Structure formats: structure tokens, C-alpha cells
Amino acid sequence: MVLGKVIGTVWSTRKDEKLIGSKFLIVKQLDLQNKLKENFVVAVDSVGAGVGEVVLYATGSSARQTNVTKDKPVDAVIMAIVDKLDISVKE
Amino acid sequence: MVLGKVIGTVWSTRKDEKLIGSKFLIVKQLDLQNKLKENFVVAVDSVGAGVGEVVLYATGSSARQTNVTKDKPVDAVIMAIVDKLDISVKE
Amino acid sequence: MVLGKVIGTVWSTRKDEKLIGSKFLIVKQLDLQNKLKENFVVAVDSVGAGVGEVVLYATGSSARQTNVTKDKPVDAVIMAIVDKLDISVKE
Amino acid sequence: MVLGKVIGTVWSTRKDEKLIGSKFLIVKQLDLQNKLKENFVVAVDSVGAGVGEVVLYATGSSARQTNVTKDKPVDAVIMAIVDKLDISVKE
Amino acid sequence: MVLGKVIGTVWSTRKDEKLIGSKFLIVKQLDLQNKLKENFVVAVDSVGAGVGEVVLYATGSSARQTNVTKDKPVDAVIMAIVDKLDISVKE
């Protein structure tokens, strides 16, 4: 899974019919120093994540293993909201 | 999903028989400042997207979860046309 | 899908038994100015593509959705030969 | 599979219900000189790996082929703890 | 598929039970001039490949389509040993 922060929303009315009701969030990748990277994905939310929250998202076919994404054309899903990171090994 | 803009079409007559009737669009990735990146994919359209439109596309096995791509050798599908982006968190 | 040009062939006699008879082509990625990139893959051909031809290839599980690649350990398949590109949106 | 070292843990209480009880570990990629790279993933542990250990992780749908990750929205799993590397071919 | 050379072995005793008996090989990517790249993967061998041999490996779910990797948490498999490359198109 990838660590990211929700920074916004994508609005779409014309979309695949299976996606009606799905919420598309813009998620920027975070590094381990809590800094935003340039890379971002648009992910469907399955856990009630809001803008500004630090999350994990899963990609590929694994993104279809939640109740809200099953059998849908979705390749990224937010499946956890992060409370904190514990980093024990320094480089 | 990935944010992109449709910039053209790929024409092909000799192709896998399951792909007869599929429309191949050239989609360049967009950044969050609405600037085109160098990266592009060729995606099948499932939502009536036209050249110049901003879209989302899904990749991998998720690209086969629409009615027009089911069981076909397609690894990228346009599954939404974007109305607008709301970006709330600044870097 | 990815745009590429077939530049050669890989010969292999010792291979997974499901791959007997499969033709392995070396495909270099093409950019939209018809210039070869450094990146290449080895793809199975499903459409009679020859060396020098411009093609599309699909990757991942989608590469197993043709008659010649079904259930085989193949992660890239040529599924279309390109006639031409129409690019309408300039950068 | 990818070679990495477990460097920490991600704590999450709000997550997909299938993930209750799953342990999320932060794994940095290792090069062949045993040096940490910048890239990292968050992986579910299936083999009792601890912080500081060198591991292999599998990604994509293959990450769901262990007993602890089956049918879950998980795209990276630690499936082996590394005893040692034997490198015989020099560059 | 990706062109590579087997350069070593990963030894692991604590691993997912489905992987008992699987041989993990370190495979560095090769370019078309037969030079090793920095990138490497750890792949399961399905064709009796040995250290020093030039091989093709398949990734993702396609890596589980051999008899030795079926249903296992394996995302890279060596599925062919390369006899030679024929490159006909120059850059």
C-alpha cells in the first residue's frame, strides 16, 4: 500500500454506471518525513476519509476487494486512515 | 485512477477480434496545474469521451470492469469525464 | 496500452511448456513523434505483427485475454497493429 | 518479489473491516549492497517479520495469495524473511 | 516479459508455507546491448535456470500461470531461458 494525503476531490457526472455514487479523492503521495511528493492518484474512498487526512491506498485488482469497489473499474482505493507512523530503523 | 486529457486517436484495422469496434484514444497525463506531462497511454473509451476532454482512466485488470472492455485485452479504460477538480490542501 | 515498434525476436527453446509455439517479439516504446525510447518489453504476438511494424501492446492480466495467451505466463501481448495516429491537441 | 527491510509500523484504527487484525509494516527497498533505497511500501505481514529484518514482499494480486491476505484490499505482502543472499555474477 | 540475467540466489527458511521448495533467484535486468542494469527482482524459477543464464521473466498475476507458481504469493517467475536475440531495426 502507498502512504498519501487527501488533498482534494474530482467531480464527474459522466462516468461508468457502476461508479454512480463513488467519491473520487485526489491523493498525493507522502514520504516518511510527512512531506508531499509530486505523484498523485485519484482513488475511491471506502473508509470515510476526508480532505487533509493521511491515508493508505491499495492499487490494482486489490483496489476492488472492498464492498464499495467490488467489480468496478477502480484501480485505487483508500482502505485505511493512518493514526501514526512508528519508524524504528534509521538509514 | 490517473488524470489525463484526450489528445488524439489510434487507428488500427488488424487487431485482436475482441477489439473490433473499440475506440483507442491517446491520453496524456495531466498534473494538478492542468499541464500536460510527457507520459501517455492508449486507452479504450467507455464513456463517450472526445478529443480535448479531461478524463480519468483506470489501468490493469480494473480496465476490464466496464461493459465495453469485459474479457478483452485492454489494460487502460477511460471510465469518467472530469467536470472539475477541487484542491483544498496546499503543499 | 502502450505504443511501440517491433525491433526483433527472442529465441528460446527451454521455456514453460504452455509457451511452446509462442513467438516472443522485442518491442521498443515509441513516443508521439515516432521516436524510439530506451524502454522495451518482450511481448507475445497475437495479431501477426512483423519486425518494423508499429503496434499496441497490453500488459498484466489483460495480456492473457487473447486466444494465443489465455492462461499462459505472459504479461505483455501485441493486440493491434497501428495504421496511423491522429493527434489533435497540441501541448 | 522485492528485497526490503522492515523499518517501522503504520497504526490505523479506521480501516476496511477485512483489515481488522492485519499488521501494516513499513518496508524500505534494499539494494544488493544492503543499502536502503528511498522507495518504500506499506505491506501486510504474513510470516511474523519484525522491525529490522530483511524480507521479500510480493505485490499486486499475488499479495492476496496468503492465508492472512486472501480477498483483502492488500497490494503488498511480506511472504519471506531472508537468511542471506548469494551473488555469484559480478557486473 | 523482461529480459534479465540470473546473478544469484536468495535463501529463506521462514516463508509462506506455499513457498516451501520454491527457488528464489536474483535477476538483474539486461539492456539490448547485453549490459546489466541496476534494477533487479527476485523471481521464482520454473524452467531450471541457473546463475549466469539470460532469461525472460513475467510479472504480476501472469507469474502465477506456471505449474510451480500456481496460487502462490509470487509476482515474478522465470518462464524462459534465452538462446539468442535477433535485433533487426536499428534506432
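So that you can tell them apart, the chains are marked A, B, C, D and E in the order they are listed, and the count of residues begins at 1 in each.
Everything below uses one rule, namely that a contact is a pair of C-beta atoms (placed from the backbone, for glycine too) under 8 Å apart; a residue touches a chain by one contact, two chains touch by 3 or more.
Just so it is clear, the structure is predicted and the values come from calculations on it, not from any experiment.
Participant: Which other chains touch chain A while also touching chain C?
Facilitator: B
Participant: If you walk from chain to touching chain, how few steps can bring you from chain D to chain E?
Facilitator: Tracing touching chains, the least step count from chain D to chain E comes to 1.
Participant: What's the rotation angle, in degrees and to the nearest 5, for a C-alpha fit of chain A onto chain D?
Facilitator: Answer in degrees: 70, to the nearest 5.
Participant: Can we say the copies chain B and chain C touch using the same residue numbers, with more than half in common, or are the two sides different?
Facilitator: Different, since under half the interface numbering is common to both chains.
Participant: What whole-Å value do you get for the distance between chain A and chain E if each is reduced to the mean of its CA atoms?
Facilitator: So the centroids are 31 Å from each other.
Participant: Express in whole angstrom the distance between the two chain centres, defined as the mean CA positions of chain A and chain B.
Facilitator: About 19 Å, centre to centre.
Participant: Any chance you could list the residues of chain C touching two or more other chains?
Facilitator: 60-61, 63
Participant: Can the chain contact pattern be summarised as a line, a ring, a star, a complete graph, or none of these (other)?
Facilitator: Per interface graph, the chains form a ring.
Participant: Following the ring of touching chains from chain B through chain C, in what sequence do all chains appear?
Facilitator: Read cyclically, starting with chain B and passing chain C second, the order is B, C, E, D, A.
Participant: Along chain C, where are the residues that touch chain B in the complex?
Facilitator: 1-3, 31-32, 46-48, 56, 58-63, 65-66, 69, 77, 79-89, 91
Participant: Spell out the part of chain C that touches chain E in their complex, as residue ranges.
Facilitator: 5-16, 18-19, 24, 26, 28, 36, 38, 40-43, 51-52, 60-61, 63-64, 71-76
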